[in-house]
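Each of the next two complexes has chain A plus one more chain, namely chain B in the first and chain C in the second.
Entry: the complex of A and B
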């Protein structure tokens, strides 16, 4: 799972509707996989991101290259250096193994071979 | 079918979009989504299928092991569109004693609605068992806020006939217009223009297969 997708993910246990984001990562193994740089797509994704959560999650994985805030310029004017760095963090950082824990209900979603297991128990749906 | 579903999504031209593939199986639709220049996330309930895709390094989509009848886990407005090939009818089954098809459909559609950008579409190619099942599915989708209807390509052909449930997640500009069904020689017939209805299209004498089919 790419880091971008983690930023868009929240807990979906029934009734767990507040404080259910971001899912906290632990025991994580990451892999870096190169992929094509697409500035247009990055620009459309920036408004969808929860930046603070992204920065905190990246820190946890030892990635310290992100600025605290998105540069205060219109999306179309974000410079290439910023976008290239963001591309590496969002689209080339793959979480291969580990756990994601909901900060609210504490449900643990395991990640194995890059695939998060989002299945819930009967009493959680 | 994945090509047709993507076409029905009506995505803006020359723009990379973030697409959800519900019931991605072994990633055949995902490959097509990539080919069309989009980025995708797939989910499936079968771990063996997913692992097969994961080992196939050519595919770039993120994969989730998920039972969509339990709802989905994406923040509001995440996806620019969703497609699903040959999956929806399974949601109507009660595989376990705890499964209630109606509540599973409702949970599925309500969390899908929320995960789509306003104005985005979700296109489901599926094999309905009967009219009652179509109605069950349509009613669940409409109750969750979707507009749209059923599109039947090549309705008079046994082989090429295909059902597509076309759903719109709010904020369409102006009146919601259903896409047109495919007929012979590209001939198309107007639907009745009414959203929120099952639209039965009648086109004569067709045997051509509209798109690449996938097995399984």
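Entry: the complex of A and C
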């Protein structure tokens, strides 16, 4: 699972609808895989991201290259250095194994071989 | 608006109901203003005259089309060569001439005669058969009469045009499922998967999602056209694949792995997508009849687990390939959920492209599910005799107001329920419609299954009846 996907997910246990994002990572094994840089797509993704959550999650993985805030410029003027850096974090960082825990209800979503299992238990739907 | 010029589209004779919707989608995608007269469109002819502003616009229109072979600048057309010649003008570039017949054949000698008939043009440029600057094509359409012993003596239409660009039918071979690393029994064939990507307006920088991803047929074709894709499925086994075969290895095979972002295991009824995540398109083939409802992941949640809400007797597996208990998911529920999801999670202008199975005899246009935020763009049928499936393309055309607008499905939608309804979602489904008179056996893919029981007879009987009645209709039409 790429880091970008983690930023799009929240806990969806029935009734768990506050403080259910971001899911906390633990026991993580990461891999880095190069992919093509696409500034156009990055620009469309920036407004969709929860930036604080991304920065915090990246920190947890030892990635400290992201600025605290998205640069205060129009999306189309985001510079290439910022975008390349973001590309590496979002699309080239793969979580292969680990756990995602809901900060609210403590539900654990496991990640195995890069595939997150977001299924709920019977009593959680 | 700039002046419009006439161009001739040469379609592939394949999935004829899908050809105009694909053309319209590509016009929308590339913002090409396109004019045509719908009355000119004939399913049994490859030729269709359209108007666009320029060669560039014409090229945009067809360059990734799956159901278009070529587009030509139209220099002349008519029922006879006299009519064609009367419209033709001049050129002085290097050129090449070809003559093709559709629904018939023509000898080299005849072709030469046709070419020479254009000699009055007095082209100043030299002939260049290898790298002509201009390729002229004479196309004779003899019509397609399947049962005729011999083609007619004269073409019903003749077109003369300058070649502009080809569609991208080679992609059908590239994505041929026979050559694909990982496939399953729900894998969609390459041609339709590619057409669907065009219907979804998949393009660079867009985010496309398949909520019933299966083996990921649509993720790779959308990624082919530059879109970034996400998928999910209740059945993690399909996503993981086996050994060295998975959605991931398919993405690598087609060199689109940078854009097939991730696949996740969950049920779209209970999804973890964060609010205000907007997809540019949702493209899917829902597994009608298989429910991903109640879930028990006992292994990891034993201490929290209360008694399961449903009693379902699928054995719980210990390993990571665990498939949760499921209950039947009514087809109308799938459709309502899908439309509600699309209305909420698509960007305005975003598209929902999905398959809807129908019983041919019972289908009416009223059976297409509706949502107040979504409008129907196209509805193309692929028939299999008694039943068919329809590729439905919808557009979210205005903001969804949560809690006010709801999807509606025709409650009398017998057609669907009578085709697809399965118990635990495994094996053969067999049901009757409300009057109990018809019965069709399918597996999860909707393929017919041979079954030696009495219940099959009505289905067969119906099929024979329908088959012969349609034959006799054709016959009476001809007479």
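Quick note on the criterion: the second predicted complex is superposed on the first by the 125 of 125 C-alpha atoms of A that agree within 3 Å, B and C clash if a C-alpha of one lies under 4 Å from a C-alpha of the other, contacts with A are read in each partner's own complex, and residues count from 1 in each chain.
Please note the rule applied: a contact is a pair of C-beta atoms (placed from the backbone, for glycine too) under 8 Å apart; a residue touches a chain by one contact, two chains touch by 3 or more.
Predicted, not measured: the structure shown is a model, and the values here were computed from it.
With the C-alpha superposition on chain A as described, chain C and chain B clash in the combined arrangement. In the superposed pair of complexes, A:59 makes contact with neither chain B nor chain C.
Once chain A of one complex is fitted onto chain A of the other, the partner contacts of A:120 extend to both chain B and chain C. In the superposed three-chain model, the partner touching more residues of chain A is C, compared with the other of chain B and chain C. When the two structures are aligned on the shared chain, A:75 is found in touch with neither chain B nor chain C. By the touch criterion defined above, A:108 lies against chain C but remains apart from chain B after alignment on the C-alpha atoms of chain A. In the superposed pair of complexes, A:35 makes contact with chain B and with chain C alike.
Stretch 397-405 is the one among 127-135, 397-405, 433-441 or 469-477 where chain C clashes with chain B after the superposition on chain A.
Residues common to the contacts of chain A with chain B and with chain C across the two structures: 1-2, 5, 8-12, 14, 21, 35, 38, 40-41, 44-45, 48, 50, 113-120, 122, 125.
Interface residues of chain A facing chain C in the complex, by the touch rule stated above, are 1-2, 4-5, 7-12, 14, 21, 35-36, 38, 40-41, 43-45, 48, 50, 91, 107-110, 112-123, 125.
Residue ranges on chain B touching chain A, taken from their complex, read 15-18, 39, 41, 43, 47, 50-51, 54, 60, 62-67, 70-75, 77-78, 80, 96, 98, 107, 111. For chain A in complex with chain B, the residues that touch the partner chain are 1-2, 5, 8-12, 14, 21, 35, 38, 40-41, 44-45, 48, 50, 113-120, 122, 124-125. Those residues of chain C whose C-beta lies close enough to touch chain A in the complex are 204-207, 228, 230, 232, 234, 236, 239-240, 248, 257-259, 261-267, 269-278, 293-298, 300-301, 304-310, 320, 324-325.
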